[in-house]
Each structure stands twice: as C-alpha cells, then as structure tokens.
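Here subunit A shows up in two complexes: once beside subunit B, once beside subunit C.
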Partner chain A sequence: MESNGTVEIITGLHIGDFFFMLQGAKRTIILTLVSISLGTILGLFIGILRGVFNKYVNYIFGLFLDFVRSVPLIIQFILVNAYFGISGHAKSPFFIGVLVLSIYSGAYISEVVRAGVLAVPLTTRRAARSLGLSWFHDLFYIVFPIGSRAVFPSWINIVIGLFKDTSLIAVIGYIELLRAGEIIITRTWEPILVLGCVGLFYFIICYPISKWSERFEKKVLT
Partner chain B sequence: MNYTFHWNTVWNVKEALLKGALVTLELTIASMLLGAFLGIFIAFGKNSSRKLFVNIASSWIEVARNTPCLFQIYMIYFGLGQFGINVSSYFSVLIALTFNNAGYLAEIIRGGLKSIPVTQMTTARSLGMKISNVYIYVILPQVFKIVYYPSTNQMMWALLNSSLGMVVGLSSDIAGVTSFEQARTFRAFEFFTAAAILYYAIAKLIMFLSKTLGKKIYGTD
Partner chain C sequence: MIKIENVHKSFGNLKVLNGINLEVTKGKSVVVIGSSGSGKSTLLTCINGLEKIQEGKIFVDGIEVNEKKTDLNLLRTKIGMVFQQFNVFPHLTTLDNITLALKVVLKKSNEESKLIAIEQLKKVDLFEKADIYPNKLSGGQQQRLAIARALAMSPSYMLFDEITSALDPMLVGEVLDTLRILKKDGMTMVIVTHELRFAREVADLIAFVHEGKILELDHPGEVFDRPKNDETKKFLERALK
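On to the complex of A and B.
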C-alpha cells in the first residue's frame, strides 16, 4: 500500500493473528462435526419414523421441518438465543449454535433419509419381511445398505452446506473462522489478505469433498 | 418464565416490516435475474473450447459454491474497500448474491444443456438454421423447462441468504429492520419471531407462485 510516496511494509498483521484465525478454524470444524453428528442422528430418527407415524403426526412434523428450512439461519440463531435469554437460562453461544445447527441439518437430512427409504423397492422389503425378518432386521440389513447409497451424495452436500453455514453463528457472538477474520480486519484493515486466507480455508475443505462426492455419485448411478 | 411479551411493539412498526419484506423480495428477485443472466454466460463459458473461458467459468462456479455466502458479502463489502471502491451494504449484498446465484445457476443450466442431445444441433444446422437461431428456438426453450424447478429452489436460497445483509449493516430488508427495531426496543424475541414468520410467508409465496406458474407454462411437472 502506498501512502505519502513511501511504500509501507508493516501491515499491522503479526504472527499472533495467524494463530487467532487458526483457533477460529478449529472452532468452525468442531462446531460442524458436533452439529452434523447430532443432526444426522436426528435426521435418521425423524426420517425413518415419518414412515411409521400416522398422517396427522406427519403433518405437524412436516410443518415444523418446513419452517426450519424456510427461515434464514441467522434469524433462527438470534431467535433461539433470545428465547433462552428471556426464559432466564442464558446458554453459551456454542450450545445455541449446536442446537440450532443440529435441528437445521436434521431437517434437511430427514428429508433425504425419507427419499432414501422410498428408494428401496417396496417389493424387496416385502420379500424380506415374508422371509421372516423383523421390522428392525429389514431396516438394518435391507433399507440401510440400499438406501444409504442413494442418500450419501445428498448427505455430503448437506455437510458442506452446514460447514459454510457455521459462519453465520457470529451473530450471537461465537468467534469462529470468519468472525475471527473480521476482528482482525477491523484492527489491521487488510481485508483482502485476511479474507483471502479465510476463503481459501473454506475452499480447500469444501472443494475436494464436493468433487469426491460428485465422482461417487457418478459411480453409483452408472 | 418471568417475562411479559410485548407484541404491540412489533405491531406498531408493521409498516416498516412490510416495507422490509418488499426490499427482501426486491433483493431476491434482482439477484436471481442478474444471476441467471450471468449464469447462462458462465455455463456457455465452461462448455467453450477456449481454455481461458473455461478457467474463468469454472473458478467462478467453484468459488461461488465452495465458500460461505457471508464470506462473499464480506469480500465485496470490505475487500473492494481496500481498492478505494466503497460499496453500500445494499449493493454489496446484491453483488454477492448475484455472484453466488450465478455460480449455482450456471451449474444448473449446464446440466440442462447437457441433457439436450447433440443430434438436435446437427439436425437444425443441416436444416439451414444459424447457430444463434438453433439456441434461441430449439435448445434454450427445452433447457428452460429443465432448469425451471431447480432454479426456484435456488431462489429460496437467495431469499434465505438475503438476510445476511444484516451483518454488514443493511437496515432496509426484513432482517435489517428487525435488528434495528430490536436494538431500539430490546424486544429481540418478539421482533425476530415476526421476522421468522415474514420469511416463512415469503418463502411459501415464492414456492406457491413458482408452482402455479410452472404448471401453467409446462403442465404438471
């Protein structure tokens, strides 16, 4: 950067900032891993149970999941945070982040799981049941192996989406990677450099996974 | 729970919230239209035989798809500032959303182009049509039908992502108005409940309109 005819070499960035961002990156990854684990369990649970419930329960569930999917995540974070605030049990941003992100990803995963269960031909399942397999056997040995292949690429897409969406948790004060970058920017005013590093970090994690999942999808489909 | 809800505070600013809804809709629709326009070029760029075009198109697509939308907004809002270009928060959201939509839509359009058999092009060419005419009259109408429903899906994402303007200080869309009002009145829960309902309503409206419009133009699915 040029100012007063001299070239400034000192930028205000120092090595500590790098570690600060690294810590943010660690938090982003932990948040993603915890949320996607809980979200997957939740999604599996709901996705399978929706095939069992009667239509009224299904309707209510569907409405709730639809709501979760149609409201911006940033609003959900603030809303849940505000709810815990006014109920007198304020929780840590990490807790709220995990709660919201698990339900959010669970809503998407349940839909994908439902599609996966439907992807298994009913005749195959009937054949399994008439051979004497129980409902659970049918689920574990027939539906999971066949359905999971159809579901896996969509699940990976949800994981990548969730990884990117963790950046929104900054609104309730959790310092993850992007927020850490923003803090450094406000001090050093080096947005391109700092944001470049942040963007690169997201990119080098998301890009290989999405490419790999694309290849997997092609292999399964053909 | 020791809390008194003040829904009146929300009701009193209903005009501002509804105006915010209009701004949100405007952002969504504008970014979708611009994104679709750019997306067509990017899709053709990725299919072209010129290496330069392919590289530009694929890096656009991959960056748009593999980085958070908030990062893209920051990149416009803070990043361009470093070059002395100061973009207002409204335009930085619009530009970033357009960039994001264009990347996703390009992939959708490319998928649509791929599904049209090459023989159609050769047939039309041998009947004496110009290349541009083949695209306008033969190929693109079919592509639009294929990309219609995936695009409405992308529009939902654009709607959800438009709320991110709040983070860079946009105060005219739904999220912006609510965050401004809750800062004034300290009624975060009530205001963000209202915002959630408004977003849900808009999402349903978009879904409904796109479905009815789709049925009108293309028949059932």
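On to the complex of A and C.
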C-alpha cells in the first residue's frame, strides 16, 4: 500500500464492502417494514373515515393528503428534519424517515382504502345490516374482505414503490442500501459494479413480492 | 304484528311515502303491488329501519322501529329481508353466507351454525353447493341462498323486495316455489312483487300503492276482480294486458 510512499485512495472492492452493503440493505428493509405497517394503519383509518363519513371530513383530510402527495418526498425529509432540528428536539434520521414515510405511504394507502370501501356495493352492505350485523360487523366481515380484494394490487404497488423510495432518506444522512453503495463508490470508483449490485438487490426483493402477489391474487382472491 | 301508522318518507324533495297505514298480522302475507317508483320498496326498508322515516310510527311486535332506544340490530334478527339483487356475500361460500350472521349476531357456536345452515340449504335445495362460492351459482340459486340466509335467523317476519325482478324468466318459478312453501308454513310476509298471478295466489291481503299512498287494501279477489279505485283499475289493466 505504502510501498512507493503514497497513500492509495482508490482501492478495490473487498469482502467488507459486501457486508457494509448488506447492513444498508437490512436498514432499507426495516425502514420499509416499519413505515408500511404504520402507513397502512394510518391509511386504513383515514380511508375508512373518508369512505364512510360526510364531505366535510373528506375535505379536511383531502387537503392534507393532497399536500403530502404533491410535495416531493426528498423535500419532506429535509423540512421535517429541519423542523425538529430548529425546534431543539433533533431526532434520529431513522425516526424522521419512519415518520415521513409512514405519513407519505399512509396518504396513498388512504386513497386505496377509500376506493376499496366504495367498491363494496351498498346493497350488499344493506343485506348485511338487514341480518342484524352492526356497523362495525359490516365493516369487518363485509367491507374489509370484499374491498381488500379489489385494492390489493394497488396496495402492493405502494409497498414496492415505498421500498424504493426509502433510498431518498440518504439526504438526511441515514445510511441505507443506496447510500452505503455510494460510500463504497467514493472509495473504489467502481460505480457501475456497485450500483449494479445495489440495483440487483432491490430487484431481488421487489420481483418476488410482485410475483407472489400475482399468485396470491389468482389463488386466494378470486 | 307489524303496524305502520301514517308513515311519511322523502328523499330530499322527493316525497316517496305519503301517509302509509298498514297492519300485518301474524301468519298473514300482504302483497304490495303498484307501478315502479310508487314507494313499495322504500316501505319495506322502512320496516326494518334501513331507511329512516320523517313522520309516523312503525311498530314491530310493539317495538317502535324509529325510537332512539330501539336496538335495531336485535330487531332486524326478527325481520328477514330478501332483495332484488340477491346480495349474497361474494367472498364467502354458500355455507358461510348463512353461518356468518348466526355466529356474529346470534353468537351461535360453529357447529350449531353449520347445522342450521345445512338444514336451510336442504330446504332450498342447495345442499350440494354448500362449499362453492356464489359466483358459481345461477341467479335463481343465489336468490334461494339469500332466502335461506334470512330464514336461518328464524325471523318472525319476512320482507321480500321484488325478489324475482332480476331473474331470468326461466328461474322465477324455483324462487316462487320457495315462497309458496313459506306461505304453507305460516310465515308472516310482506311481499313486493310484479308477479300478479303469484300475488293473487299467496296473498291474504293485497295493498295497491300509488304515489306513496295505499289506495286499495283488500283480499286478492276483491282487488283483482272488483277494484274500486280508478288508479287500481288502470294499473291492473296495464299490468294484466
């Protein structure tokens, strides 16, 4: 390394880089799982409110959701991070990431949920109520199962989209898969190889999800 | 007994029921006839509280349907209803369509619910279809399933809302046969239908509804053979032509 008296900045890839990237991948997966879980809960809540209640509730949530969906995710990360920093309650990048991604995915999921609620024919729900099922029973035993079949593919799309969107969190300094790759590139100058690996990793996760969901749809939902 | 007193109902500016009075006594079947849009179906959905009324009172076994304290979910277990569009639950098998409310509403065990469901499916001749999903059933079969589902709750009353209107003419007979059996068993029924021959056959009373009012209420022989109201005459002329 120092045989000719210079420090070599550019070094080749070694096995440690692989583990470094694997660690980034683990963080990407955890971030996605936590965010999509919280986002789904939030989306269910808002979506049902919007699907079931009157236009005023709809209007207030609609405004908020339009905002969340219209502002680029990367700006949301920076703004929310700055807000906590400036207000003196600085939070970890992971916390900021989960917060922003949950609300972001929740906004999209709420629209999907609303569509699902509206996809259940009113007459079917009336039949359920005529049997003595309560409002809540109707929601749980009729609207959820029928509606979720209608919107499952859209939900899967959001999951896959979110998984890839997690890479934007690098902007506030969280080292997930893509950022890990970039760090290695600055040292090795092997962008094609490293980004190829990172891309392959995203593919290895996303492809089976979408394939599995197709099969799940065919087998269970029809 | 179902007692309907001076019931008014409107959707926005549209007046649908305009002072309806009707009594349905135990074991009797009342058939409601009239042109489309006369308010027949709305009347049925008011009886089990699916639609709120603006004026008047409806009593089922002495319980006022629109009273705030009334437990509508409990009351509805006593009033079965079958709809024009079948409304079977597409995500549940034939058997589970019936057991759902037995388990969830009446809190019966899995085994008991299943026994009741099987018994009902046999009655409507669908036992062989117990494990398949409704999209594999014909319209007539779906409607029979809907009837079985309502009957499984052992209701005291049954409401039928144009249950043959969405059916192939070939399939109407099998559904009406199911109703004939119910009639023989002494079920108390309110039936809205356009099948006038059938109405005449099973009705103890015929109610002719026109523009939200009952203009004629009498035995089938009287209404069909000796109608007193001009609107009734006009309707029958058109319908029986």
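Keep in mind that, in the parts below, the second predicted complex is superposed on the first by the 196 of 222 C-alpha atoms of A that agree within 3 Å, B and C clash if a C-alpha of one lies under 4 Å from a C-alpha of the other, contacts with A are read in each partner's own complex, and residues count from 1 in each chain.
The rule is short, and it goes like this: a residue touches a chain if its C-beta (ideal position, glycine included) is under 8 Å from a C-beta of that chain, and two chains touch if they have at least 3 such contacts.
Just so it is clear, the structure is predicted and the values come from calculations on it, not from any experiment.
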Q. Does the subunit A-based superposition show subunit B and subunit C clashing or fitting?
A. fit
Q: For A:195, select first, second, both or neither according to whether it touches subunit B, subunit C, the two together, or no partner.
A: first
Q.
A:134 in the overlay: touching subunit B, subunit C, both, or neither? Say first, second, both or neither.
A. second
(Q) According to the stated criteria, A:91 is in contact with first (subunit B), second (subunit C), both, or neither; which is it? (A) neither
Q. Is A:149 in contact with subunit B, with subunit C, with both, or with neither (first, second, both, neither)?
A. second
Q) When the two structures are overlaid on chain A, which partner does A:167 contact: first (subunit B), second (subunit C), both, or neither? A) first
Q. Is the number of subunit A residues in contact higher for subunit B or for subunit C?
A. B
**Q.** Computed vertex angle (subunit A) for partners subunit B and subunit C, CA, steps of 10°
**A.** 100
**Q.** Nearest Cα pair across subunit B and subunit C, whole Å
**A.** 25
Q. What does subunit A use to touch subunit C in their complex?
A. 121, 123-124, 126-134, 137, 141-142, 145-146, 149
Q: Within their complex, state which residues of subunit B touch subunit A.
A: 1-3, 62-63, 65-71, 74-75, 78-79, 81-82, 156, 159-161, 163-164, 166-167, 175, 178-179, 188-189, 192-193, 195-196, 199-200, 203-204
Q. In their shared complex, at which residues does subunit A touch subunit B?
A. 67, 70-76, 78-79, 81-83, 85-88, 160, 164-165, 167-168, 170-171, 178, 181-182, 185, 189-192, 195, 198-199, 202-203, 206-207, 210
Q) What residues of subunit C sit close enough to touch subunit A in their complex? A) 45, 48, 50, 73-74, 76-77, 79-81, 83, 85, 87-91, 100-101, 104-106, 146, 149-150, 153
